[in-house]
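A quick write-up on the structure given underneath.
Chain nomenclature is as follows: A, B, C, D, E, F and G, assigned in order of appearance, with residue numbering initiated at 1 for each chain independently.
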Amino acid sequence: MMQSDIYNVNVGPIHPSTHGGLHAEAVMDGEIIQDVIVHLGYVHRSVEKIAESKTYQQFVPYTARLDYLATNLPVLGYCQAVEKLLGIEVPERAEYIRIIMAELSRIASHQIAISATGIDLGATTGLMYGMRDRERIMNIFEMTGGQRLLSSYIRIGGVGADIPDEFIPAVQSFVNDIPKMMDEYNGLMTGNEIWEARMKGVGILSKEDAVKYGVTGPNLRASGIAYDIRKAEPYGIYDRFDFDIPARSGGDSLDRWNIRIEELGESGRIIQQALDNLPEGEVKAKIPKVLKAEAGTEVYHRIESAKGELGYYIVSDGGNKPYRLHVRAPSFINLMVLPLVCRGGVFQDLITNIATLDPILGESDR
Amino acid sequence: MNGQGLIKGLGITLKHFFQKEITEQYPDVMPELATRFRGCLQFEFEKCIACGICVNSCPNNVLSFETEKSENSKKKKLLSYTIDFQYCMFCNLCVEGCPKDCLHFDHDFELSTFSRDDIKRVYLRPAEMDEEKEADAAPVQDEQESKEQKQIDAMLKALQKNPQKILAKMLEQEEDIGILSELMQSNEKTAGKIAELLVKDKEKAAKVAAGFVTKEKKNRLQAEKGGEE
Amino acid sequence: MFEFSAFSLYDAAFLAIGGVTILGALGVVLFRNIIYSALSLVFTMLGVAAIYFQLNAGFLGAIQILVYAGAISVLIIFAVMLLMNKEARRTNLPTTRTKAWFAGGTITVMMLASIIAAVGFSEWPKTALQGVDNSVGMLAELMLGDYVIAFEAAAILLLVAVIGAIILAKGVENK
Amino acid sequence: MEHLFTNLATALTGWMITLGLSPVWADVILLLVKWIIIITIITLNIIILIWLERKVSAFFQERLGPNRLGPFGIFQTIADAIKLLTKEDIVPSAADKLIFKTAPMFFIVVAVMLYTVIPMGQGMEVINLNIGLLFFISMGSLSTIALLMAGWGSDNKWSLMGAVRSVAQMISYEIPLAFSLLGVVMISGSLNLQDIVAAQDNIWFVILQPIAFLTYFIAATAELNRGPFDMPEAEQELTGGAYTEYTGMRWALFFLAEYTNLVAVSALMATVFLGGWQGPWLPSWLWIIIKTYGVILVFFWVKWTFPRIRMDHLMSFSWKVLVPVSLGNILLTGAGIYFCQWMGWC
Amino acid sequence: MVLETKNDQLNDVEELAGNNILVTTFEKLWNWGRSWSFWPLNYGCNCCPIEVMAAGAGRFDQARFGYEVVRAVPRQADLLTVAGPITLKMKPAIERVWAQMPEPKWVIAMGNCAVSGGPFKDGYSVLPGVDSIIPVDVYIPGCPVRPEALFHGMLELKKKVQQGEYRRS
Amino acid sequence: MLANYPALGLFFLITLAFPVTAMALAWLFRPKPKAGPDDEKFTTYECGVNTQGKTWIRFKVNYFLYALVFLAFDVEIVFLYPWAVKFGVLGPFAFIEMIIFIAILLIGLWYAWKEGALEWY
Amino acid sequence: MIGLPHYILLSAVIFSIGVYGVLTRRNAIAVLMSVELMLNAVNINFVAANKFMNAAAAVGQLFSVFIIVVAAAEIAVGLALVISIYRQRKSVDLNDFNLLKW
């Protein structure tokens, strides 16, 4: 073939479809991507370092700012990690509320993923529908925590306050509408021939590679491994719920996309069960004003966040602040396969792949 | 396949075309906010006991206050309370921690400013608080006098620091407030008088202040005319 | 008021179009940046199309725009994009060989002189321009009537050209 | 009403001749007037269309769209226009200044030239060209050059990639576009657009030529670089395509030209397939406006529903589907006409 | 009194008519157009941009104000919405994008991160507010900023622009 | 009377004035801040970072191949349009000739297809 | 009055410019463009002669149509040739195209 120039194109850091601060440098040969160099650190806010200067409680709001699309999930993970570290028992009712909030967050995150994929692929209307449905979740968050996005509701030892009266009807009606939403996304986007052509066989991540790179979450499940920490190593009270783990085998963008839509339904199922079994009682355990762990104790706690395995590793030196805190951010690890899945594709596939890998830069750069 | 998906998509958008819009018309219609909505952090000076829990629980050093130990009682006296709102992350920890419920979030979210300095709020000790206390306190003449003097000094300081806020209680027009504060800056005597009156007799203070303003206005008008001629 | 006769208007138009076309043509051979040359070529083609329009050969004018300005120049610009490996400003330099310069200059001048002489010395029939633009139909009748062999030959020529060009451009090494 | 504009034109010419102008000059002035009218139509159209697109897209997305400036936000575009007019003009230092500056002008001139041949009513066109249809197609093909100029002149990778892509796309779709119009030409036997409209006296060509209509619609969408074929402005991919480096008025000219093209192509579609100005009750010029806007609304509908197609699918769709289909349509039309003649229907 | 002021006004008008009434009316028109047509370039890399997205979406619909033409390129943008923390690594990019925007241009610092570094003010890699590198016109405190609050900021900016204040570099 | 093509030329000339006027108006009203030629404002935009390598990229040969096939079909249009105009008059013989003509070019298309010239990349 | 000779003169000038370009340009693509100029000049001749001398028949125009076809074929093959040589030589300079020395 005719030799053409190998040239580098910078996608990002300020680019509409890099999900905030990702800088992917595509090495292109004509229209073919030869390699992608991922530059990270544009959103590095030194969160792990900040953690060392904050008490255990004070750090809670920061965790919400890691994966801000699924606010309650990183907070839940952190709180559970600290509870594990300190041996705090969480009241039953709080556990159920937490599950509801966590799954709502998962839905919100997936809806953002759906919307963002929509706009990245040019289906602006898809974005609007996704965001529209997400607003209902935002309302529920505002109802409980007081803020739309970073609701700051889950606390160490439980949740901030009991749910208000209008909470259950709102959640119930949202859950009832989930199948309708899924139909709409599928009708507008998934079933669309253009959509399918843009996604099918694009950015294939094989089972082996996914495992090798440590990819988790929907991306891993799209590659054919039905691995979900909610099932594999149930935390909280997830073992009480009956739900499925959707898995596909292709590992391409379409599968990753479909997995997310299917997970909406599964999350809906979990919320429904939690609503049905919601017990009465306290929502926050009695915890001391100053939390201190024994010196030298350490804990690693992982949960299934919307993006994959989110782990917190906390080391204590006996003070009221963590000695060291590390976050195993799923986005960071999932993002590492971006060059792998993009190689050999065309330029537009890069955008598709970024969208369907659904990284959150706040989490991966920390 | 074969375009059925495309047609279905067209159908969906067409359906939505005729559906009702979900838009909320914000500036015309205020949004319905949840009761727990956290807009702007408000502080009630009167209730605060200066215990410092809020300051300690805030993750980001948003809150700070100045206290003064008074001689006659062991209690700390709160002089000013600062909310440096630009660092707040609306986590509600301070509100939950406060034993006296003097912090709360209201529903005001329209906080935009043209200058970064306007974001910070400083709450100064309102004068009435001390007055009420005085009424309760035992009437020891000398002590009271010295106390009064102190109050006047504090008031003077406050007046110099933030005249608008205090004067706003006496004067209605913003223009007048500006004039008076200017006047006070240039003339210490006036400031002293107003501070004294403020501490002693509120109504009289208002009257005097109004008088000052009208006088100054006249002066200025004349000065302007003179300039023109 | 001025009184323009139809003729003088026509003449002025011819002079303007001809001038622009010649300028464009000069641009093609004189610019040192190949992109400028190529755009200049487009300019010339539009000028030639204008001449066709002036000659009441509307169909040919439209074809000229369609094929030359719309297709051939795109092909040329794409080829330039394919072959660009130098600084743009120095892509279309004149030859360095003095012989070529000499030959080029002489041949051009001689040819121009001889044609001008030939035009000037010949007797030209005093015919006027035919005003009706009906060439489309006539062309079709000729094309599919008397000249049908040429017509099909044109198709074959195009076919061969396309195949040949694809083979050449794609190269043989990937076989 | 029907002959309002034609009568006005005749009256104007007559009046000018009585003033002592020669007919040629009277015609020149009439042409000037027509030009002014066309520019007004274009600008008005743009103002309405941009607003309409924002509104319509909003309704598709269950939003309201502009509604705060003027009734239903109708003055929104005017504000935008004023803003764009007074924006600073930046020419990047790396750009090829001459080409960079001429590209938008070239683009808009080509776009305006399209309006010369469109019949805007019975006997209402700027110039009644014999080869109107072909002229339209050839003028449309010129915009590729303008795009290439913009892409090359900007000296920016996004611009160049966007330009080259859109040119590749436009040339690919020009073939099916031209081929799909052939069927119509075969039936009407003329390239004159007025004749083509007249030939649809009894039946619109969209009924006789449904395949051609569909191919034309798709190809026109691609020619116009509209969604789902909006490669040059693929903001999520190429940030701004060929127009990346353009600011203020220059960018506005591109934008204007795009919408000008949209109206022109829709008007041609209405003319060729939807019976042009023909229609009952209403005056002819109103009919063409209604039909054109109808077509434009469909363009909007398609754009705001579909995701952007991938470049390679886009190209192979043109060559591997549309070109054969449109060629087949020609053969079908030919066979159909012979069948008709044989049956004695026409 | 009333008469006097009227006379004053009349004098003013006469004076203006003498030299530059045209200019001022034009300026007014320009400012009107500019204030109704902010085309934002959204920079954002944390939570606040999500609220920007929400502001564009159906429930809040930025389009009502005519501010929905989000540009991906600084060249056609009028308003740089900085949402989220500015890290040291991002600083040059922001500066460049700001420089590449054509005049007149404005900046909104949205969210406490952009205003002051916000929650991450203790971090070693976060700038103390975007106004340390580029001039900011409107500050919107909040974490995150509600879409309505963003609109409020934009409407405040509109007032400012209509008064004819814009920055020339 | 003004004939068609002169009118066309005239129209073209006036149309040239349109963008020129627009630009002139814009020039009149737009702010012209002072900036040196090396100002950061005039740098090439590439998502906020420096461009790498030359911006004038050499592309793959496929663009050229597309243009090539396009050229062939564009020339075909030249023949098809007169034929279509006269279709009703020319008779079936011309129709068959045209089918042959199209068929020959379709061979070209088929060849290009087979050779992968119609593949993007 | 403008007549046929003027058109022929115009075409002569354009043709000569084309010849000059062919002989003095170094870039192969520029040479091809010059050839296009020459072909166009010929076309002008054909059309002008047809329109002035025998307007009833369109043979001249038909010939220019064929010339357009030839020109298209020429430029296609020519450019492809240049590309294929470029692949070997990494240059479009005609000075480097001395194939016999190869």
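Just so it is clear, a contact is a pair of C-beta atoms (placed from the backbone, for glycine too) under 8 Å apart; a residue touches a chain by one contact, two chains touch by 3 or more.
As the structure is a prediction and not an experimental result, all values here were calculated from the model.
S.K.: Treat touching chains as neighbours and tell me the shortest step distance from chain B to chain F.
M.R.: Minimum number of steps from chain B to chain F: 2.
S.K.: From the C-alpha centres, identify the chain that is farthest from chain C.
M.R.: Max centre-to-centre separation from chain C belongs to B.
S.K.: Roughly how far is chain C from chain E, going centre to centre by Cα mean, in whole Å?
M.R.: Their C-alpha centroids are separated by 53 Å.
S.K.: Go ahead and note the Å separation of the Cα centroids belonging to chain A and chain G.
M.R.: 64
S.K.: Please work out the Cα centroid separation of chain E and chain G, and write it as a whole number of Å.
M.R.: 57
S.K.: Could you state the distance in Å from the CA-based centre of chain B to that of chain E?
M.R.: Chain centres of chain B and chain E, defined by C-alpha means, are spaced 26 Å apart.
S.K.: What parts of chain B, by residue number, touch at least two of the other chains?
M.R.: Residues 6, 9, 12-13, 16, 21-23, 25, 59, 89-90 of chain B each touch two or more of the other chains.
S.K.: Where in chain D do residues touch two or more of the other chains?
M.R.: 24, 58, 60-64, 85-90, 129-130, 134, 137, 141, 152, 157, 161, 164, 171, 174, 191, 235-236, 239, 244-245, 248, 304-306, 311-312 - these are the residues of chain D that touch more than one other chain.
S.K.: List, in ascending order, every residue of chain C touching at least 2 other chains.
M.R.: 9-10, 56, 58-59, 63, 66-67, 70-72, 74-75, 78-79, 81-83, 85, 88, 133, 136, 139, 143, 154, 158, 161-162, 165-167, 169-171
S.K.: Going by the contact rule set out above, which residues of chain G touch chain C in the complex?
M.R.: Contact set of chain G toward chain C: 1-10, 12-27, 29-30, 32-34, 36-37, 40, 43-44, 47-48, 50-53, 55, 57-59, 61-62, 64-66, 68-77, 79-84, 86-87, 90-92, 94-95.
S.K.: Name, in rising order, each residue of chain C that touches chain F in their complex.
M.R.: 9-10, 13, 17, 50, 53-54, 56, 58-59, 61, 63, 66-67, 70-72, 74-75, 78-79, 81-85, 88, 131, 133, 136-137, 139-141, 143-144, 148, 151-152, 154-156, 158-159, 161-163, 165-167, 169-170
S.K.: How about chain E: which of its residues touch chain F in the complex?
M.R.: Per the touch definition, chain E meets chain F at residues 26, 30, 73-75, 92-97, 99-100, 103-104, 168-169.
S.K.: Spell out the part of chain B that touches chain E in their complex, as residue ranges.
M.R.: 21-27, 31, 59-60, 85-90, 109-116, 118-119
S.K.: Quick check on the complex: what are the chain C residues that touch chain G?
M.R.: Within the complex, chain C touches chain G at residues 7, 10-11, 14, 18, 21-22, 25-26, 28-29, 34, 37-38, 41, 44-45, 48, 51-52, 55-57, 59-60, 63-64, 67-68, 71-72, 75-76, 79-80, 82-83, 85, 91-97, 100-101, 103-105, 107-109, 111-112, 115-116, 119-120, 122, 124-130, 132, 135, 138-139, 142-143, 147, 150, 154, 157-158, 160-162, 164-169, 171.
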